[in-house]
Structures are given as structure tokens and as C-alpha cells.
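Below, each structure is written out as C-alpha cells.
After this come two complexes, each holding chain A, first together with chain B and then together with chain C.
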Partner chain A sequence: MAPLLEISNLSVRFHSDKAEVFAVNGLDLSLDTGKAIAIVGESGSGKSTVMMAVMRLLQSNASITGQVKLDGTDVLQLPEKAMRRLRGKEMAMVFQNAGSSMNPTKTIGDQMIEPMLFHHMASARDARQVAVKLLHQVGIPDPEERLNNYPFEFSGGQLQRVMIAMALIADPKLLIADEPTTALDVTVQAEVLILLKKLQRERGMGLVFVTHDLAVAAQVADDIYVMYGGFVMERIAASELTTHLVHPYLRGLVQSIPKIDGPRTELPYIPGQPISITGGLPDGCVFASRCDKRFVKCHERPRHISISQQHSVSCWLAEGGVEQA
Partner chain B sequence: MNRAMSLNSVIGNREQLIGARASSWRRMWSRLTKNRKALIGAIMVFLIVFLAVFANWISPYAYQQADFTSLNQGPSLSHILGTDSLGRDLFTRINYGLRSVCIVGFGAEFVELTVGVMVGALAAYKGGWVDNVLMRLVDAVASFPSFLISMILVTMMGRILPVMLLAVAATSWVGMARVVRSQVLRVRQTEYIQAARSMGASSLTIILRYILPNAMGPIVVAVSFGIPANMMAEAGLSLVGLGINPPTPDLGVMISEGQQSIMSYPWQLIGPVGVFIIALLGFTFLGDGLRDMFDTRSRR
Partner chain C sequence: MFMYIIKRLFYMALAFLLVSIVTFGLMKAAPGTFLINTQMLGGVQAATDLNIPPQLMNSFIKEFHLNSPWYVQYWFYLKGFVTLHFGYSIEYPSLPTMSLIKRTFPLTLGLAFSATVVGTIVSIVLGVIAAVKEHTWVDSTTMFIATLGTAIPSYVTAIVLMLVFGVWWRILPILGFQGIQHYILPVAALVIPVVGSMSRYMRNSLIESLHSDYIVSVYAKGGGMRQAVFGHALRNSLLPLITVVGPQLAGLLMGTVIIENLFGLPGMGQVFANAAQQKDYPLIMVSTLLYAVVIMVMNLLVDLTYGGLDPRIRKIGYVQGR
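Up next, the complex of A and B:
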């Protein structure tokens, strides 16, 4: 079976007056129906840009090359009008700040039903019925009454639930969640994560979860893509995250997660600053300048080395047999 | 005390809370009516518009009806604002004069709004060279002395109401275009526009249902300040002798005539000027109130 979303050799560059920004550089990714993947990376690693490229919502100064196949059709080749028919219906997006991602001048009821109206799926009245049902599913009490409220009358966590419900209203096959829990408290974050996961399973959707939080990614996703400087550093199954990781960058990330128990020791961190991808890329590995395992070969750009079916890594260390963490 | 009140409203019963959030219009209305100055402004505007619209019914005389037995009179029971040098009732003439003033004031503002919103929204939404060309056009028009342009237009095309209206609107739309452009630019980069696009909204939907409602506040304020400005411009034209052709009454013409006889018959100036002041102040107060109403920073 062909994957729901298959990205091959995707590159995104932004042209500004001064310089060219190499935001995404030859990314491969695939997601099967009913599965969840997470794209993890620091800010500026290009993780959100990938998904914005999939939705074709990037600004006009972006040039995109490669292939993004949704259900077999390359969305990068579609005319804008056809693209608009996909947005909201085939693939929908949940944004980071629900508060500023909702139109403040409209009630959430009017907003929620919009995707259905845009795609002529139902009358306004029927769509409201669906909205009520969905709000109930995401755990908003008194949904019928709440439909008449404005976004500012909700709390942050509630609004994120509303946003999720709104993304689901047209029953998309692919849901993209761009850091949906980053702006929330830890407790609320857990609730929203569980909700997202539950909805994804029930509906058999594909879910792409973009986050900077490895722990969150491990909770939600089946597969994890770790990005750095616009490259995928390592692709690994969530279940193997703590045992089989190879790339020094990912190791650094895992080690720098603070632990609540155990003796209080100095927290390990990755030295240096995230690489600047403005202007140009280094010839070799983008992580080399911060890597403590750097050796001669790192002057060459590492290729993707497959370790198992679900596990690949772009690091020369993996070439001569895998050194276990 | 303030604190106690806010606490009270928080724990107030459910019906009250729901009632309070019933509609944003009602909430805006209550904010407007709480603002004393805006309320007075609204009443003044209402009075002026009422006089203008119902001039036929309210006025005790016909506006061209001269009474040569009562020239240059002061206020009396039969002529409450006195008469002019031809014995015509000033109150009547003011009512009809208000009619032309309102037609020019509102009409020019309507033209201004239509053109300004189209140009401003298009420039901001399209950006790039479209924006550049349109805004340079706006700059060019704005750099002309507007009164001169209006004078030229009226001289060329005749002293009739539609021409006055266009002459006033011809230059004032640029301010509106700038306001609209800046508002659209502000709203356009908000996240909810991005979210709307991710749901499959078309450009037209985004402009009509997302950008314009959110850009409305400053535009409404600009309109409420634009109307008195148009009235002033029209009166200014009349004052220099380029007003509407007599015998159609015109406030500006009446003021300029009254000003010539200010020493001997002051009432001929006081009446028209007083009413004109009410009109201008009314709109300005209302505009101030609307600005407070839409200003999110001054909420609470």
C-alpha cells in the first residue's frame, strides 16, 4: 500500500534581499494511513517549514523543489485552486497559538463550520450539528451554548481543543499539528496530547506532529524524524528512542532532558549554537562544528545510512557498524 | 469600590453573564452609551440628520419664499432664527442647507470609503508592484492642494450638488486608502489568516470575512472624522463663492452672506454658524467615542 504522505528530496529555500536561507535540504519522509510521526528539532531546524510546504502555505519568496505526494498526487504540482480543495478537507492543520489563530471577530461556531462550508459539504445548520458533536468529543462542556462564544471567552487549553475540533470537522485524512501543546501548561499539555492521539486512532488519520520536545514526540508518534539545519539527522521508531539511537546530536538531545529523580548532577548540553542556515551550507555534516565525535570524514556530507527498516541515520559513525548507546 | 464591582460581576448569576456576552454589538453599544461625550455627539448628529431629512415637514416656510414686509429680522415667534435680507425664514433655509451639507458630507464619504477601501485593500493584499503603483498614486493625489483641486473641478463642471460631492471626494479618498492599507497589512500577517488559508478559504473569503471585519475599527473612526471634514470642505467652497447655485440654500453661502452683515444683523451669521458647529462637533465627538470603543488597549 502506498503511504498517505510521501515526501522525497524536498528542499525549501527562502530568498530575501540579503541572502538565501536553506531551510530544508533534501528531506525524505513517509507516513502511512493511521500512523503518527513526529518531526523533532530546535527552532530554526526547518521542522515547521516542511509542513507548511506540504500545505503550500509558504510565503511567495520560498522556492520549493522535490516531491510531496498525498495519496499519490504530487501537491507541489497542483494549481492553487485544486490545492485549496485539499486544504481543510484532505489535510488540516492545528497551530501553536490557538488564541491568535482564531478570528477574534467571529464566534467559534461560525468559525468551526467554515471548512465544511468552504468545501460545500453541508448546510450551515447541519455543520453546526457536526460542530456540537465534535466539541463534545474534544471535551468542551455545553457545546451548543459555547458555539456562540468568541475565542477570547475560552481558556488556552480549551481553545486548543476547539482548534483541534475545527481541524477535524471536514474529516481530513492527514492532520498536521504544529507544536500544538507548546503554549500550554504541562498538565493541560498531557490532556491535549492524549486527546489528539485518541482522535487519530479512532479516525484512522495520519498525524504529523511537529514539536521541539522529544518526550512529547515519543508519547505521540510511531516514528520520529530528528531535524537539524534543514536535514533529517536520524529517523527512528519511538520505541527505540532510548535504546538504539546513533546520531551524536540525538544523543545530546536525549541526555539534555532534565531528570526529576536521581542525584542532582550538572545537566549535559550540546555546546555551541544551532547552525545558521542563512547564506550557505557547510560542505560536510551540518552538525560537525558542535559534534564531540567529529573525525576526518565529517568534511564530507554524510549520506543516509539504513540500519533497519524503520531506522536510518545520516552520520558517518553508523557506517562501520552501529555503536550502541 | 471598583474591585468590589468587578468581583460582583464575576460571581454574578449565570443569566447575567450570558446576557452580557449575548452580542458584541450590544457590548459595543453599552460602551458607547457610557461615554458621555460620544452620547452627546450621537444626539447632535441625530438632530442634524433629522432636520436635514425632514426639512419639508419641519420648516414653517418654503425656502425660496420671500417676505418683503419682514427683512433682516431677529428671532421672533414667526421666524425663530430671524430672516435674511430678502425676508426669507432662516430656520427654513438652514434646514434645507443642512440637507446639501449632509448629502455632500455623507455622499463624499461614501465615495471616499468605496474607493479608499478598494485601493487600500488591493494594495495591501497584493503587495509588490501593485502596492507600489497604487500608493505612489495616492502620494501624488495627496501632494496636490486639495482645496485647489476641488475649486478647479467645481469651476469646470458646474456648481451643482453631484459635482460638489465628487469635488470633495476627489482628494479625500487618499487618507482612507492609507488607513485601510495599514489595517489590512496589520491583519494580514496575523496567524488566523494563515489558519483560514489552511482550512481552504479563498482570497475573497479571507478579505471579506477575515480581514475587513478585523480592520473595521479604525476605518469606522476615519469615516466619522471624514464626514465633518467633507462638510467643512463644502462650506469652504461656498465661502469663496463656489457653492451650490442659488436659490438652493447652502450653509456655506449663508455663512458668507451673514459674515458681510455681521455688524448690522448678527443673527444672519449666528444661526447658520451655530447649526454648523453643532454638526461638526457632533461628528467629532462621536468619532472620538467610536475610537475609544474600538481601541482594545483601553478596554476595561
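Up next, the complex of A and C:
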């Protein structure tokens, strides 16, 4: 079966007066129906840009090359009008900050039913019925009354649930969640994660989860893509994350997760600053300048090497099956 | 919302009191009196020299409380205005001030009101066109013309309008008032300078709205430019616009004084200007306070519109982070 979403060799560059920004550089990704993947990376790693490129919601100063196939159709080749028919219906998005991503002066009901209205799927009245059902599913009490409330009358966690319900109203095949829990506190974050995962399973949707939090990614996703400097550093199954990881960057990330138990030691961290992708890229590995395993070969850009079917990595250390535990 | 209105009304009363005190103070502080200004050299003594009977002078003094301390005089003006007992003015002793106002005020009010409505609508339309076509020639042309309108003072605009439409093309009347068509040029002359700044404001406000996160959500839901502008951004960008409409109103109402003069309209503006020139104390007080009340009522309406447009103001009385 062909994957639901298949991205190959995707590059995104932003042009400004001063310099070119190399946001995404030749990314490959695939997601099967009913599966969940996570894209993990620091700020500026290009993780959100990838998904905004899939939705084709980037500003006009972005140039996108490569292929993004949704159900076999390359969405990058579609005219804007055809693209609009996909957005909100075939693929929907949940944004990071629910507070600013909802219009403060319209009721959440009016905003929730918009995907159905835009795609002529139902009358406003019927759409509101669907919205009530969905609000109930995502755990908003008194959904019928809450429909007439404004975003400022909800708490952050509730609003994120409303956003999820809004994204699901037109029954999309692909749900993209761009750091949906980052702005929430930890307990609420867990609730929203469980909810997202549950809805994804029930509906058999494909889910792309964009986050900077490895722990969250490991909980939600089947496959994890670790991005740095606009490249995928490592693609690994969530179940193998702690045991089979290869890339020194990913190792650094895993080690820098604080532990609650055990003796208090100094928290290991990755030295240096995230690479600047403005103006140009280094010839070699983008992570080389911060890497403690760096050697001569790192002056050349590493290929993306498959280790197993679900595991691939961009690092010279993996060449020839060398796996450093 | 109810508390919001009560609060606004309270502020209005406070502002009214301040305006009346300041007007009274300035009026009294300005050199000269009605008598001096009407070539009578001033004072009771001088009036006797000019053969004005002392009885008349005394009744004059008594009627306007000219010998009483300032707070008594002030009190009588204030009481008279609030209870709508405007009395007579010094300049028009045979005509009750109330009838004078009834005869002239509706025209001025109509002028200011239509200018406000027309100006706001035109500004919104131009602002939306410019914002939707951001950074194209449509945008820059619209904004250039708008700026031109602001840069040229309204009395120059008025004269150009009179020349073009009244003298060259002869399609619109330029003097006097005999019907609605006499409103067109004065309103245009008032509106053009206002539109310049307001449409620019509207443009920037709409562009800002169009770049906010919730507009990305609209596109992500499958909406297009039309849904983004008319379904979401327009209404939200009206909020900051409305804030500047208030102060513009005051300017508009004051602008009517010049425009009425230019177009020979028998409005309140002339009465107001004359009263100030002649030191006609009662008329100055009444007309200034009347203008103040109109501006405050219009501002109240603006604020109520604000509450109508923004549920946060309606429901909790303020907007967080603004």
C-alpha cells in the first residue's frame, strides 16, 4: 500500500533582502495511514517549516522544491484552488498556541464549523451538531452552550481541545499537530497527548506530531525523525529510541533529558549553539561543529544511510554498519 | 456591558465639568469685554458716557450676574445649560438662544454626522483595497492619493471642489443651503482630509490582522482570501480604527466652522465663531458646551460600537494584553 504522506527530497528556502535561509534541505519522510510519526528538533531546525510546506501555508518568500505526495498526489504541483480543497478536509492542522490561533472575536462554534462550510459539507445548523458531538468527544463539558463562548472564556488546555475538535470536524486523513502541547503545563499536556493519540487510533488517521520534546515524541509516535539544521539526522522507531540510536546529536538530546530519580549530577548538554542556516550551509556535516565524535570525514556531507527498514541515519559513524553503543 | 456604559457616562459627566470650567476660565481670562469689542469702551461708567441709560446697564449686569463672584456666574451658566434654560445672549438680545440653536444646530450636526459616516465608510473601503493588494501598485496609488488628501488643508480642498464642481462643471451648488445637494461639497471638503489618515490606519490595521496566527488557521481550514478578510480580519481591524475615529470626530466638528463659512451655510459654526469674537459670554458657554456634548456623545457611540465588535470588552470590560 502506498503511504498516506510521502515526502521526498523536500527543500525550503526563504529569500529575504539580506540573505537566503536554508530552512529544509532535502528531507525524506513517509507516513502510513493509521500511523503516527514525530518530527523532533530544536527551534530553527526546520521541523515546523516542513509541515507548513506540506500544507503550503508558507509566506510568499519561500521557495519549495521536491515532492510531497498525499495519497499519491503531489500537492506541490496543485494550483492554489485545488490546494484549498485539501486543506481542512484531507489534511488538517493543530497549532501550537491555541490562544492566538483562534479569532478572539468569534465564537468557537462559528470557528469550528468553518471547515465544513468552506468545503460545502453541511449546512451551518448540521455542522453545529457535528461540532457539539466532537466537543463532547474531546471532553468539553456542556458542549451545546460552550459553542457560543469566545476563546477567551476557555482555559489553555480546553482551547487546545477545541482546536483539535476543529481540526477533526471535516474528518481529515492526515492530522498535523505543530507543538500542540508546548504552551500547556505538564498535567494538561499529558491529557491532551492521550486524547490526540486516542482520536488518531479511533479514526485511523495519519498523525504528524511536531515537537521539541523527545519524551513526548516517544510516547505518541511510531517513528521519530530527528531534525537538525534542516536535515534529518536520524529516523528511528520510537521503541528503539533509547537502545539503538546512532547519531551523536540524538545521543546528546537523550542524555540532556533531566532524570528525577538517582543522584543529582550535572546535566549533560550539547555544547555550542544551533547552527545558523542563514546565508549558507557548511560543506560537511551540519552538526560537526558541535559534535564530540567528529573526525576527518565530517568535512564531507554524510549520506542518509539505511540501517534497517525503519532506521536510517546521516552520520559517517554509521557507515559500514559501525554502531557505537 | 451595563457597568461599562455606567462607567462611560460617569467619565462623560466628569469631562463635561472640566470642559465647562476650562471654557469659563479662558473666556474670563481673555482680554476685553462685549462692550469694549462693540466699540463702547467698556464699563458702566463708559456706558453712561455713551448715553446708555443706567437702568438698562444695571438690568444688563443683573441678568448676566456680571457683578457676582466668578463661581456664581459659572454656576448660573452651568445650571442654565443643564436645565436647558439658555436665556438670551448679549449679541442677540431679542432672540432666545434656544431658538437660535434650533435654527442653526441641526445643519451643523447633519454636516458633521454625514461627514463622519461617509469618511468612515470611504476609509474602510480604501483601506481594505490597499491592504488586500498589499505592496502592489494598487496599494501605493491608493495610499498616495489618501496622503495627498491629508496634506492639503480642508479649506483649500473646499475651494478646489467649488471651482471644479460649481464653477467649471456647474453640477453642484456652492453657496447657501436649500436642500440635500448643498451638503455634497461641504461634506466632501470635510471628509477628504480625514480619509487620508483614516484609510491609512485601516490599511495598516487590516494588514496586521491578516498576518496574525488566526488567519493562518483560516487558510489551514480551507478558507481563501475572501473568507480571511471578510469573515475574520476586517472586523478585528475595525477595532483599532474605531479608536481613532473618536478624536477625528472632534476635528470634523471643528472643521465645520470653517467649511460653513466658506460655503455660506447658516449653521452653528458661524454663531460659535462670532460669539467668541464678540465676547458674548452666554453664547460662548452655550455653544462650547453644546459642541462638547456632541463630541462626547459621538465618542460614547464609538465606544459602544467597540463593545459590540469585541466580545471581550462586552463581557469583561477590557482586553488582556492590549
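Some notes on this structure:
As a convention for this text, the second predicted complex is superposed on the first by the 323 of 325 C-alpha atoms of A that agree within 3 Å, B and C clash if a C-alpha of one lies under 4 Å from a C-alpha of the other, contacts with A are read in each partner's own complex, and residues count from 1 in each chain.
By definition in this document, contacts are C-beta pairs under 8 Å (C-beta built on N, C-alpha and C of every residue); 3 or more make two chains touch, one makes a residue touch a chain.
Model, not experiment: these values are computed from the prediction.
Bringing the complexes onto one copy of chain A puts chain B in a clash with chain C. In the superposition on chain A, contact of A:118 is made with both chain B and chain C.
Touch criterion met: A:88 reaches chain B and chain C at once.
Once the two complexes are overlaid on the shared chain, A:152 sits against chain C while remaining clear of chain B.
With both structures placed on the common chain, the touch criterion links A:35 to neither chain B nor chain C. By the document's definition of touching, both partners, chain B and chain C, reach A:102. Among the listed stretches 9-17, 27-35 or 63-71 of chain B, only 27-35 clashes with chain C once the two complexes are superposed. In the superposition on chain A, the residues of chain A touched by chain B in one structure and by chain C in the other are 55, 57, 84-89, 92-93, 95, 97, 100-106, 114-115, 118-119, 150, 153, 166, 170.
Contacts from chain A toward chain B in the complex involve residues 55, 57, 84-89, 92-93, 95, 97, 100-106, 114-115, 118-119, 145, 149-150, 153, 163, 166-167, 170.
Chain B meets chain A in the complex at residues 18, 21, 24, 190-192, 194-202, 205, 209-210, 213-214, 216. For chain C in complex with chain A, the residues that touch the partner chain are 212-214, 216-224, 227, 231-232, 235-236, 239, 309-312, 315-316, 320. If you check the complex, the residues on chain A that touch chain C are 55, 57, 84-89, 92-93, 95, 97, 100-106, 111, 114-115, 118-119, 150, 152-153, 166, 170.
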